[in-house]
Amino acid sequence: MEIADLFFYLFSVMIIGLGGVVAFSRNLLHSAFALFFVLFGVAGFYVLLGADFLAMVQIMVYAGGVCVLLIFATMLSDNISQPGKSNLSFQTVLSTVAGGGIALLLLSAFENTTWNVVAPGAMEPTTNSIGKLLLNEYILPFEVISFLLLAAMVSAIMLVKKGENS
Amino acid sequence: MSLESYLSISALLFAMGLIMFISRRNSVAILMAVELIINAAAINFVAFSRFVPSAEARLDGQVFAIFIILLAAAEAVVALAIVLALYKEKKHIQADQLVGLHG
Amino acid sequence: MTYIQSVIPWVPILPLFGAIILGLFGKKIYDTLGENVTGILGCLTPMISAILAFSAFFKMLSVETGNRIIQIPLTEWITVADFQIEWTFRYDPLSSVMIMIVTGIGTLIHIYGMGYMHKDQSFWRFFSYMNLFLASMLMLVLGDNLIMMFLGWEGVGLCSYLLIGFWFSEEANAVAGKKAFIVNRIGDLGFLAGMFLMIMYSSQLFGNVSLSFGEMQSRIGDLSQVTFWGFPLLEVIGLCFFIGAMGKSAQIPLYVWLPDAMAGPTPVSALIHAATMVTAGVYMMGRMYFLYSLAPHVLGFVSLIAALTCFISATIGMAQFDIKKVLAYSTVSQLGYMFLAMSVGAFSAGIFHLLTHAAFKAALFMGSGSVIVALHHKQDMRNMGGLLKKMPITGWSFIAATFAIMGFPLTSGFFSKDEILWKAFIQGSPTLWLVGFIAAGITSFYMWRLVFMTFFGENRSDEHTWEHCKEQPKRTVIPIAILAIAAITIGFLNVPHFLGGHSNFTEYLSPVVKDLSITPAEHYQNVLDTAQGKVVHESHVDHTALEWTLMVASVAWTFFTAFLAWFFYMKNPKAREYIMSGVWAQKIFIILYNKYYVDEFYEMVVLTPIRKLFLFLAAFDQMVVDGLVNFAGFLGRHLSAFIGLFDQNIVDGAVNGTAWSFQTGGKGFSFLQSSKIQTVIGTSIVIFIIVIVSFILYIG
Amino acid sequence: MDHILSWVVFLPITVIPILWLLPANKAKWAALFITIVDFIVAIPLFTGFDRLKVGVDDLAGMQFKETLEWIPSLGIQYSLGVDGISITMILLTLIIGLVAVLASWNIDKLQRGYFAMFLLLQTAMLGVFVALDLILFYLFWEVMLFPMYFLIGVWGGPRRIYAAIKFFLYTLMGSVGMLLAIIAVWYYAPGGERTFNIIELLHRVQEGGTFVGPEIFGMPFAKVVFVAFFIGFAIKVPIFPFHTWLPDAHVEAPTAISVILAGVLLKMGTYGFLRINFPLFPEVFVWFQDFLVALAVINIVYGALCALAQSDLKKMIAYSSVSHMGFVILGIAAATTQGINGAVLQMFNHGTITAMLFLLVGVVYDRAHHRRIAGFGGLASVTPVYAAVTSIAYMAAIGLPGMSGFISELLILTGSFKVYQLPTIISGLGIIFGAGYMLWAYQRIFFGKLNPDYQDLKEINFVELCSVVPLIIITVYLGLLPNRIIVFFETSLNYLSEIL
């Protein structure tokens, strides 16, 4: 039971627990904050898996950026406290069946596939190799992503602005 | 820890995201559900990149994860912009009433 | 030699430059520098080329007769495989005579034109066209091969079109121009056919063809053996070229355009339709005498056409009242004479008559032109008369020219026409001579009728024109006088043997144009015999006595008809009314006056059927061919409409039926149709799971 | 500059995106600029062209070759090349393109769209003449249709939709037949190994290879494929039964487009004959020859007669080009050296002369907004310069010696006279009718009394003049010294005439 396994269990409990809060809490704000911490858990996983740069990116971009944005959104739309129960009992049944089915399916798949994996090597800093990788092999996606982000930003502004003057 | 454990955790997270996605009425909640699902996928990527046998493809998973995060960010931005625009328009963002495209 | 070679190319090119300069900048020159300068510029280029032409002629005289044929190659024109045509000029006695006529008379007419076209607002355009005409006529005459001749041939056709329709504001002139061009074009088709035959067979026999006259002459022997569609080749080629000549030189079937060409200004009629262009056909036959001398049947046909033209146009000329129409028909009849000479093998006589005719006919036309201008563009002889007092110089030169055309002894017309009649008698047939003889009489009758009606007797025009009628300025009158003098004197160039001369004109032409001394049929027979090696005896019979009698007879006959004209028109006009009053005379007069209704005949036989044909074809094209396409479109549309209908209620019906059944059954699953995104995702995942699970369980 | 052909072909379309950056009325300057640049870029083509190389069927003979693997699996290459037959056509296309831009100076509706289509058309046309691969040839052939449809359909006259659709469907029908023929030729290529390259196929045919294939509807294979190709090209020429689209297309098309239509598009049909159709099936051509001469004579006389009956000036000129193209067919059908040389020369001359005619019609149409010959009268007194220029153009069209029209007609008639005497004489009648309708129209428009409502008709302006004058210079220059251009295509065509 090395320290790593311990952290693994800690983070997994954190993710699953807070994931449940996000999913089932009545109050939207609660779920927003819960999501914030779930992201932290995931970042922890990344560290465990040797992706230190990725964890940092996750925390900064995802948790810091996107999650805050979500929180803004929940704040702006005033009906936070409105009871979150689904309007149709049928929907909850459907969701549990779908969710559970997927989970069971995946878990059974994991069980009986033989992964040809190799024992993980030593952890080494990944930042500059990721950087090199990004700018050599993955230059095209890198450029496209930048273009995409620009487009997203512009469209977001347009959407909101159009709303303004109509 | 072994690969399966990471994968199983991400599967659970994925399932929870899915359940939330289907059952919640509030658009913002749905977006959160999407975030969950995306993170589940990212975990898988990183897990595989960690345990993948070939040496030179070691970091590909992580690069993909980065891209996923970026994309998620872009997606969130746009989705929220739409939601807010809708909100301004209809004063509510109940997913099941927003059925403009209804056949 | 080199002098000629350097000078000759300039003769046609100078007027061409003149035409281009006047054409492009004429308006500006006319507006800025005024009419005189444009006129002088217009006359300058013909004058220079005239000087060059005469100087080349005198230089030619010094060259011994042996090598008088000078070719001046410039560049290659069309070379495609075995078809090599070059730009080469050919200067030999025949073309020297022709270019002297063209440039000499051309310059005089240009000077005359300056006076005639006074104060006409498109003055500059007139001179540009005239220069262009001179250039293309010189090209025609100096061309060494058939294609260059054809270039000139079509060029003069174009210029005559432009000049006839010069005052284009009246529709009639434009129609006359168009008619002239199209009739010429029909003739040119004959010319083209002749050329193609020549090209085809000479390239077949000899590998390459350049259509130059020297080359054709050398190959004529072998070509005479070949037959085309059963007829001897040379006959067919000769006929085709003659058709071209008919179109250009207005012989019987294709002469209709010449009288209408009088619609153009008088200098045009003088230059083109009297002196130069119309003689192109005669020149062509003269140039290709070697071909015609081996084609006796064609020459027979030519003599028939020539005699007919000579006689008929002379008769029509008698009945015309428009001064220019009379001269036009006299030109057609004189051309008939020239072709008559050609048809009996007297090529040089034909060319000599061409020379003399050019002189006196140009003088006559210019004289009539100055009369018309004096009477403010009235051309009807019936209200003229007694103009001699008012216009002495024009009058007397007109009379001198009439003496020449009548064939008054020792005048040019006498020598040239008498030569033709004589050759027609010996080498043709007595009937040919008779027709020519009668026509000569009629010619002198209508010429003197014209002179008496315009210049003598009392004045029939109204007071106003009578006061204004005065002698034309120097510029118009002097050229007429010069030409009138020439008409009288140039006869001595070719005094025949029996009158003591030694016809040095024929001598001069001899290296290029060899006359036949016997009838073409006999000549052809001799050629065949020599070909088979049989000995040929040359018959030398002395005919001086016969010549004298014929000459005296024709002079007497022309004097008599002149007297008749004098008697009817001067002595007592009442006698004329008396004869005219006769029913028969009236009928004949009407027929003659309406030109045997030839124009109407052509209209009926040729033009209306073509007009009907193309209207029908256009309609056919519209209706049938287009119809087919539109019908296909129509069919397409209606087929689709029908299919639409069919589809509508039969197929659609079935579909609607089934659709209705689903409708009700599907209510239960309507939630599937709802657009809520979540339910859609959910159900699809559930279905996905079921599929995967069943897949694993049953197949896995 | 080894890829000169590709440059020349694709240069025009490079400017299309820039058109949208420029303000609308500047679009025409861009078009003018690129056509001039295209012309200059093409000059080494003509100076460097080796006149002695015969290129008809041996690959070495083709000049400025470029080959790129395009679709290796099917053996389709992007191969361009030029030889005697196509060099003059490229020159013609460039000249006509330049002149047509000048002619469309006062297009005011949707200028950018107009010039985009125009440049696309220009590229397609150049492409057709240089393509050596059947599929590439077919591609350019189809691409050419597309802009023409819009150019006629949008910027045309009153009945433009009908004319555009008719033009499009007609040519499309033809080219579908052609596509099938191409595939048949590819599939049954002699010598086993399949190729689309025209020159390669021709080479094999010369080696004695024949297209052996199954009977189609009972008729021998080679004949059916020949006829399929023939119909495809005949529609373009146009030849008698397929010509009805031409008058409508011309009447409705704007001036510049009918200049291009008559100037270049008609030549594609005859170019197709010379390049693909006839050399590929020499023995079938011999069987087809008499019928082709009959068609040619009908084309000449029928076209001339119909022209006589037209009241619309543009329709008359359309029919006159049917008649003139009939001469080209006559020249090709005779297959003698003079005949084919004359035919290619006539293709070039007809291009320049008819372009002049349509430009001049455009001049009067822009001012009077109608084309009825009867509607005009006595214009010569109001617009002398315009009258003079039109008279030169009409004289060139009649085939007056001293102008290029005469040389090519003379060569064609000489060539065809050697083989077919009577048909040549009959087509000689065509020349007379030609003189008839040209002069008749000229007289009705320019001579006679001045039509009152045209007193103030403006004289031909500078832009129109500088689009017509170069053409006149070319016509007169080629009239006097035709060898300058004959020498370009003489060697190839002499060889071609031996094959046929």
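The first chain written gets the first letter, and so on, giving A, B, C and D; residue counts start at 1 in each chain.
Note that a contact is a pair of C-beta atoms (placed from the backbone, for glycine too) under 8 Å apart; a residue touches a chain by one contact, two chains touch by 3 or more.
Remember, it's a predicted structure, so these values are computed and weren't measured experimentally.
S.K.: Could you let me know which interface, A-B or C-D, is made of more C-beta pairs in contact?
M.R.: It is A-B, judged by the count of C-beta pairs in contact.
S.K.: Quick check: how many Å separate the C-alpha centres of subunit C and subunit D?
M.R.: Between these chains, centre-to-centre, one finds 34 Å.
S.K.: Can you give the whole-Å distance between the Cα centres of subunit A and subunit B?
M.R.: 6
S.K.: Centre to centre, by mean C-alpha position, how many angstrom separate subunit B and subunit D?
M.R.: Chain centres of subunit B and subunit D, defined by C-alpha means, are spaced 62 Å apart.
S.K.: Could you put a whole-Å number on the gap between the CA centroids of subunit A and subunit D?
M.R.: Distance between chain centres: 66 Å.
S.K.: At least two partner chains per residue is the criterion; list those residues in subunit C.
M.R.: In subunit C, the residues touching two or more other chains are 678-679, 682, 685.
S.K.: Could you tell me which residues belong to subunit A and also touch two or more other chains?
M.R.: Counting only residues that touch two or more other chains, subunit A contributes 91, 94-95, 98, 102.
S.K.: Which positions in subunit D touch two or more other chains at once?
M.R.: none
S.K.: Determine which chains touch and list them pairwise.
M.R.: A-B, A-C, B-C, C-D
S.K.: For subunit A, which residues are in contact with subunit C within the complex?
M.R.: 91, 94-95, 97-98, 101-102, 105
S.K.: What residues of subunit B sit close enough to touch subunit C in their complex?
M.R.: 18, 21-23, 30, 95-96, 99, 101-103
S.K.: Subunit A touches which residues of subunit B in the complex?
M.R.: Touching subunit A: residues 1, 3-9, 11-26, 28-29, 31-33, 35-36, 39, 42-43, 46-47, 49-53, 59-60, 62-63, 65-67, 69-78, 80-85, 87-89, 92-93, 96 of subunit B.
S.K.: Across the complex, what residues on subunit A touch subunit B?
M.R.: On the subunit A side, the touching residues are 4-5, 8, 12, 15-16, 19-20, 22-24, 28, 31-32, 35, 38-39, 42, 45-46, 48-51, 53-54, 57-58, 61-62, 65-67, 69-70, 72-74, 76-77, 79, 82, 84, 86-87, 91-92, 94-96, 98-100, 102-103, 106-107, 110-111, 115-118, 120, 126, 129-130, 133-134, 138, 141, 145, 148-149, 152-153, 155-157, 159-160, 162-163.
S.K.: Can you list the residues on subunit C that touch subunit A in the complex?
M.R.: 678-679, 682-683, 685-686, 689, 692-693
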